[in-house]
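Chains: A, B, C, D and E, in written order; residue numbering restarts at 1 for each.
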Amino acid sequence: MARFIIRRLLQMVGVVAVLSVLLFAWLRSLPGGTVSAILGERATPETRAALTEAFGLDQPIYVQYLKFVQRAATGDFGVSTGVLPGTDALQIFVDRLPATIELSVAALGLAVLLAVPLGYLSARRSGSPLDSGLVILSLVGVAVPVFFLAFLLKYQFAVEWNWLPVSGRQDSLGCTRITNFFVLDGLMTREFDCSASALKHLVLPSLALATIPFAVIFRITRASVLEVLGEDYVRTAESKGLTARVVRARHVMRNALLPVVTTIGLQTGALLAGAVLTEKVFAWGGIGDALARAFEVRDYAVLQVLILAAAGIYVFINLLVDISYAIIDPRVRTR
Amino acid sequence: MSPANPFTRRKDRIDELAATAASPSGGIAEAGAVDEKPGVSLIASAWSRLKRSPVFLLGAGITLVFVVLALVSPLIAPHDPAAGLLLDQVRPQSNPVPGPQDGFPLGADSRGRDLLSRLLVGSQQTLIVGVFATITGLAGGLSLGILAGAFGGWVDALVMRVVDVMLSIPSLLLAFSIAAVAARPSQVTVIIAVAAVQVPVFARLLRGSMLAQRSSDHVVAARALGVTERAIVFRHMLPNSLAPVIVQSTLVLAVSIIDAAALSFLGLGNPNDRQPEWGQMLGRAQTYIYDYPHLAIYPALCIIVVALGFTLMGESLREALDPKSRR
Amino acid sequence: MTTTTDQAQASPPNDEGDLLLDARGVKVHFPIKRGVVFDKTIGHVYAVDGVDLQVRRGETYGLVGESGCGKSTLGKAIIGLEPPTEGTVSIDGTDVASLKGSELRRRRKDFQMVFQDPMSSLDPRQSVESLLVEGMRAHGLASDGKKTTARLRELLTAVGLPAAALKKYPHEFSGGQRQRIGIARALAVEPKLIVADEPVSALDVSVQAQVINLLEELQGEYDLTYLVIAHDLAVVRHISDRIGVMYLGGLVEEAAADDLYAQPLHPYTRALLSAVPVPDPEAEDRREQILLAGDLPSPSKPPAGCRFHTRCPWRQETRCDDERPQLRVVEIDGVASGHRVACHWAEQIESGEIQPQVVAPTATVGDLLAGEADGSDEG
Amino acid sequence: MTDTATTPRPSRHGDEPLLSVRDLSVTFRRQGEEPFTAVDGVSFDVRPGQTVGLVGESGCGKSVTSLAIMGLLPPRGNTVEGTASFEGTDLLRLPADEMRDRRGRDIAMIFQDPLSSLNPVVSVGLQVTEVLERHRGMSRKAAQPVARELLDRVGIPDPDRRLKDYPHQLSGGMRQRALIAMALACAPRLLIADEPTTALDVTIQAQILSLLKELVEDTGTALVMITHDLGVVAGLCDEVNVLYGGRIVERGTRHELFANPRHPYTNGLLASIPRLDGARGAPLTPIRGSVADNLPWDHACAFAPRCSQPVDVCTAQTPPLEESGVRALRCHNPVR
Amino acid sequence: AESERDDSGGGDSGSSDLKDTFTFGAAGAPDVFDPLYATDGETFRITRQIHQGLLGITPGTADIQPELAESWEPSEDGLSWTFSLREGVTFSDGEPFDAEAVCYNMDRMYNQEGAGQQAAEYWTYFFGSFSDDPEGSLYDSCEATDESTAVINITRNTSSFPTILSLDSFSMQSPAALEAGDANNVQAQGEGFTYPEYSTNPVGVGPYVLESYDQANQTITLTANESYYGDAPATQNIVFRVIPDESTRRQELQAGSIDGYDLPNPVDWQGLEDDGNTVEIRDAFNILYMGLNPERNEALQDLRVRQAIAHALNREQLVQTQLPEGAQVASQFIPEAVSGYNPDLEPYPYDPDRAQELLAEAGQEDLTLTFAFPTEVSRPYMPDPQRIHDAFVQDLEAVGITVEVVSKPWNGGYLDDVSANGAYDAWLLGWTGDYNAADNFLGTFFSNLNQNDFHTSVMPWGETLSQDLQAADAIVDEGEREAAYQEINAQLRDEYLPGIPISHSPPALVVSGDVEGLTPSPLTAETFDTVTVSQ
């Protein structure tokens, strides 16, 4: 197990390293860039040249990369030029991460909590109207563009009915920040109105973000439960006269969850992508939002850090998935 | 699995069997009855099962309508989708979007162009984006997948690392990045960006089933027969690995159309809207979405329905082609 | 196939010209790889571990043994599907184990394989016709369209399928019919040797008999040599002229079919034969079984000495645990000269000098249940 | 203690059938396909301590019969008719939860493929103890030593370690033993074994069969042995039912049946099998064709197309099952 | 929903039916709070509430008015300017605002070093260079003659001085705080700048002080400056919420969670008004033009071709159908409010026939133009570049010009292609004035002969134009200067036509109906201290 984890960690470093080279070369081959983003219409050849030089963008790409690696080794991943000029890019990532995690956890939690039981139900009643309804719903869920759904949600729940806030993470209540997980912070500082406000703000974005993972997890769960229900060992369990609950939990779900866990891992990656859209439309100050902004203003340092980190997170989550897989599945664990 | 249930055969088989029963031949080599009808390939039998599936029919119906529309829409569209026929009525404040009127049942867009015509003709570019993105993704994925699956070993390891790197960037982000690289955003860059996301997916899928095929008995059998490696890869491993790829393709068609809309929403879509495309129409309708939501809702509905059509088709294909689901 | 027992044929093949297949010292070891960064080989599965095997032209050689003892692997090594780690395999005088790439491919015409699972060994997407033509084409036998069609018909007739089968697909046939297609495919390239890996074990008894008869018929008709791999001893006995018994990667006994069954010398063979149920209640009631303890040890950690010593009821304190017995001709009266066995104590066992140990008696299930019931009553 | 343990064990060869199956029919209905009757009016009795065999080729309805009795057929798409009375209760009409109470306690089942029949992600120990927990009301802890004993008694070496192991860590034989241990955990009065040795090697098969035999002899448990191997039947069963196309075509005690097979099918089966005893030269006479060539029973003899001695009536009329005592036969033109 | 934690800063301001917080939806996060290093509107909108300069802008106009300087006087030669400062003003940290402070600020800006020079973009742009290169600098020195009199010496005459002192970048900041916060310590690190501590703790004299920047929640909170010399702000707090998405800002306003936002989409104006909001339309202080590059496409060196293009473009229709209400067709490169505007000039009329004639005369019937527009951008003068471009493409094609359509992302190479690379024959661009001076427009476009987007250097009149513009800028007398610019504008229209002025679009600002006291500024330089929000 330990060997397996170390191996995967090393692979992860490899993936991120390769990616960093590609990313670096690619970003710098983009037309335009940081300098023109900063200067806008006001650019003159002199100011342009001066800034280009100041940023070291006039040097050959490999020199820039080596310098980047050198600095990165000391934990310096560059400074933002556009998203939050002057701020350490890594710091931006660290600051923004809690927002994205909060949103992703909420969305994924919502998706999993709904999808797994419904998937089970659907499989158990396969062929029934309920099953067909849920399946179609899940298919529609995938087919609706996220930003459109987000607009509809906001329009109905926030503007028309005024039940929930339109965007943002919290009302400006002057809340104390500790971890930047707003819900958690509110609980820790006993500023419960802060938590409540943060929770209210979470509802719509996480709903919007949850649709696709919900649909995917639902379908996997359904398919996987259907498959497991046909397995011999379920029949064995039934032949032993076990209660329906034990059969369901121990024999059906524990096996059916294996592919579901993998899918959840993959969906976490997809969530990061979905977050770009969702965070933008909900003005959610997370990584996705920062990424969109960094693209607009060609903030290389932030782009580098955020994309590498996103990749790292993705790979890391998949490592976690593999580990949890091993925990659930003894065939992997005891190999 | 055993072959078709003997008892479910049609009545005429009974007579035929009864006939064989009447004349017992002593030949020990006789293997039993084989009917004279031409053979039904796996695809054909999957197809006959599909034909009865309402889900598939619905999906295929939607898809068919969509494809036909894409082909004939320039002919049936009431107006030129690029002509600002109602431009005169456009007033940025008082009337930014001309409403429905004679000859313009859905009204026009902000540049006075007939919305109905744009929606109709939009199917064409939408189909093009979907199909070409899928084909491009497929081509990339297939080449990588075949490489990995056919050779295995270090080629496989190398290809899979490449795929890992691609997969490690969340999909939309990858599309986003690629669209942003484009010196000149256009339909082609959108297609490439959307397709790139699918390359690792296809590659993995194909590699997985190719590797499974590699050690399967019928491939070993072909090898034992002395069939060349090339033929084994292309005649045996590849065709038998394609089913999941085909299923994935239909799903990818839907995803591509939606992704293209997302790119458009992020301002990375095809800037040229003379030839309308639904995703682009939806993305650009953001500006008007509050007061003139119909500009967004029509293309959004079109996208949802078409995506649903492809997805329904893909899912029912998956079920029909998956031996496990034939229960 | 001949069913007569000809002493001359059953004797060990010493005339080299007579041999179609001559495998010497074949070993197939699969590396077990594991590692943190790079995979290292941390051990081997000794699937086949030093087997000598000779099959004469026109003969049927049967290979039996428990699951996992390396039968299939040996079969594959012989026809070059699994390169042997060590040893030579010469078929019709050429060493095929050393052949590579297209040379090996061309030689494949001479040796074919019939697989166990008739469904999975047929490409489900190919019609029977293209299945059959494929091999012919690979060896340039399908250049003439008319001849090919005629040949296809001939093949189908040979395996007892109607011509209508040509246009059909594997999934449209019953198991026995599929196996016939598999056989026809092997026949299509006019091979000299056919390695049949469990050709009938996936079939129903009635169909099994058809296929066995078919194989026998074809052998006569096409001058085939068979290496039949099976775990069903009755089947093997029925079709084979000579039989080799494998245990954990090695041959433990080899003899003409009748000799082997009449007088099994290796303890493992004895146990194996005694374990086969017979469809005759009288015989069943009389049958004395030698129950082996436990299972086949893992081929990645084969026991030292005699591989069978961990389960052998006749195991002796000496030799068995540390000295690997070689196949040898024993000097026992009435045992044919071609009968070879790899047991240190074959003679002593045969003469009754050595008696099997009593298998440790286990309490009956009834005792157990009664005991529990009592126990819980008290508690 | 549970009632199972306190009720006196039924006499070893009591005359009252423990299980009495009458006219059992199972019809599968799938959308878009004609209904298919897999089991068609099957009747047989099992007495305590008796071993009854159900033999036949693949697809003849052996498993469906056993699953129907156990109430384990898929919940939808089939109709089950007839009765299966177990000590007077019709199992087929029993409410689902009552059936659950009986399964594993009164009637247990062993399946063919020991690997796929064991849950790969649950330890062997738990899979054994859960039965004890369920039916004997034991706590997990109390069940542990009992489970250990059970494994020990079915001949699994080092049971303490094996309890913690997962199915994939066991060999095929051990897995089947573990399955048997589970089936035996509550001392059921009826055990249905569906091809319990088909997936195993002969030496292991011999071990398992002798274990089963011992069990029947020692506990008086009735055994329904489902197999396609006539050899297994010959050695184990008191009474043998031969199934073809979902119907019983012949029945007899094993001595009778093997000595004097009357149905061409039974006869053909016996003639198809290469035998270890007897002379090697004896040629095999297989049955023609395959199960795929069956005729529907409702206006013909299903076996007619494959029969070695068909007469005209075979394809025109359904042969009835003629019973006399244990012996029964369904044939228009029996052998001899 | 206001929390009890909010009343820390004396929430008793105003009567009870007024809210104590004005919440404004910002499109982006601010960069730095030290305006010297700031470059973008989102940042200036905030620093403007915190900082003031010597000169201010009269609300609702583009004209300067006294702010921290009560009056100013140039010397004879126009190179020495004496500023009389408002008395009794203190910075929000209690430090006095006096002539010393003025000179400290001016010198601080002038003495920027290293990366600070690059970061102080506005200084570079308006003052030329820094103390290490005195030749190029407009600024020379500053003397504090007494506590309330500061004299600023400059190196040459320009119409821009002292107007540029009204720019936010040149606001007055507390010397003590600047010192303490190591304000000049800008470093180039990697490929960006790092800013000193001061940049997040600005100290100015404005009506508000920075209370907090909650980066996690993307809100900036300002609260009233207790020591503000003027009237206390009408609303105690201003909260800026960063909401990048336009339609979300609209929804937020609709839901009542913000009280206003900038640059509402013109198509929303009507709807916003209908929903009871106030759309404050600013006077247009910008210009949109089609630039032409005669160097890349030699056909454009012929005036007739350029005129043909001007006649071909249906600017009337464009303005009517695509630009916000109040937009005007431009006749020249400066908006009406700027002194030097020539009221006699008419735009080239839409006349496709004439255009075709002119093309024929020039022998350019087969003219092909590479005509570019930017994507991923929206500017006040150009809310939707593509729509404008598209309309023009049709116009151009109507007169037989073949158009090669090119687009690039604004930051993704468009600007580079326009100015550095000269990659297009024709393109869309524009300018929003920083302050009221013709030089801010015309000088920007054409003064630098060798490096301007219009490549006037290849034209015979290019040099003349450049010299005329520099001369006009140096005229001290306002009247004379105005006349000179009017003349240049006429020449630009009739003789030069280096590009085609298209339109002036009024940008708007929207606030909810509850908001009062906001005066829209043509320079988009609104101050919020007079704003009230009723409950």
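Here, a contact is a pair of C-beta atoms (placed from the backbone, for glycine too) under 8 Å apart; a residue touches a chain by one contact, two chains touch by 3 or more.
Not measured: the values here are computed from a predicted model.
Peer 1: Give me the chains shared as neighbours by chain A and chain C.
Peer 2: B, D
Peer 1: Shared touching chains for chain B and chain D?
Peer 2: A, C
Peer 1: Between C-D and A-D, which chain pair shares more contacting C-beta pairs?
Peer 2: It is C-D, judged by the count of C-beta pairs in contact.
Peer 1: How big is the gap, in whole Å, between where the Cα atoms of chain C centre and where those of chain E centre?
Peer 2: Roughly 89 Å, centre to centre.
Peer 1: Give, as an integer number of Å, the spacing between the C-alpha centres of chain E and chain A.
Peer 2: Whole-Å distance between the two chain centres: 38.
Peer 1: Where the CA atoms of chain B average out and where those of chain E average out, how many Å apart are those spots?
Peer 2: Whole-Å distance between the two chain centres: 49.
Peer 1: Can you list every residue of chain D that touches 2 or more other chains, as numbers and ranges?
Peer 2: Where chain D meets two or more other chains at a single residue, that happens at 58, 285-286, 288, 290-292, 306.
Peer 1: Provide the list of chain A residues touching at least two other chains, using ranges where the numbers run on.
Peer 2: Correct list: 30-31, 151, 155, 280, 292.
Peer 1: List, in ascending order, every residue of chain C touching at least 2 other chains.
Peer 2: Correct list: 174-177, 210, 213.
Peer 1: Could you list, by residue number, the parts of chain A that touch chain D in their complex?
Peer 2: Its residues touching chain D are 127, 231-233, 235-244, 246, 250-251, 254-255, 258, 328-331, 334.
Peer 1: Please output the residues of chain C touching chain D within their complex, sorted ascending.
Peer 2: 3-5, 66-67, 174-177, 204-210, 212-213, 231-235, 237-239, 257-258, 261, 271-285, 287, 289, 291-292, 294-296, 362-369, 371-373, 376-377
Peer 1: In their complex, what parts of chain C are in touch with chain B?
Peer 2: Within the complex, chain C contacts chain B at residues 76, 79, 81, 102, 105-109, 112-113, 115, 117, 119-125, 127-128, 134-135, 138-139, 158-162, 164-165, 167-169, 171-177, 180, 182, 185, 189, 210, 213-214, 217.
Peer 1: Going by the contact rule at the top, pick out the chain B residues touching chain A in the complex.
Peer 2: Within the complex, chain B contacts chain A at residues 161, 164-165, 167-173, 176-177, 180-181, 183, 254-255, 258, 261-262, 265-266, 279, 282, 286, 289, 293, 296, 300, 303-305, 307-308, 311-312, 315, 324-325, 327.
Peer 1: Spell out the part of chain E that touches chain A in their complex, as residue ranges.
Peer 2: 1-3, 5-6, 8, 21, 23, 28-29, 31-32, 39-40, 115, 117-118, 121, 124-125, 188-195, 199, 212, 214-219, 221, 239, 241-245, 247-248, 251-252, 254-257, 376, 408-417, 419-420, 429-431, 448, 451
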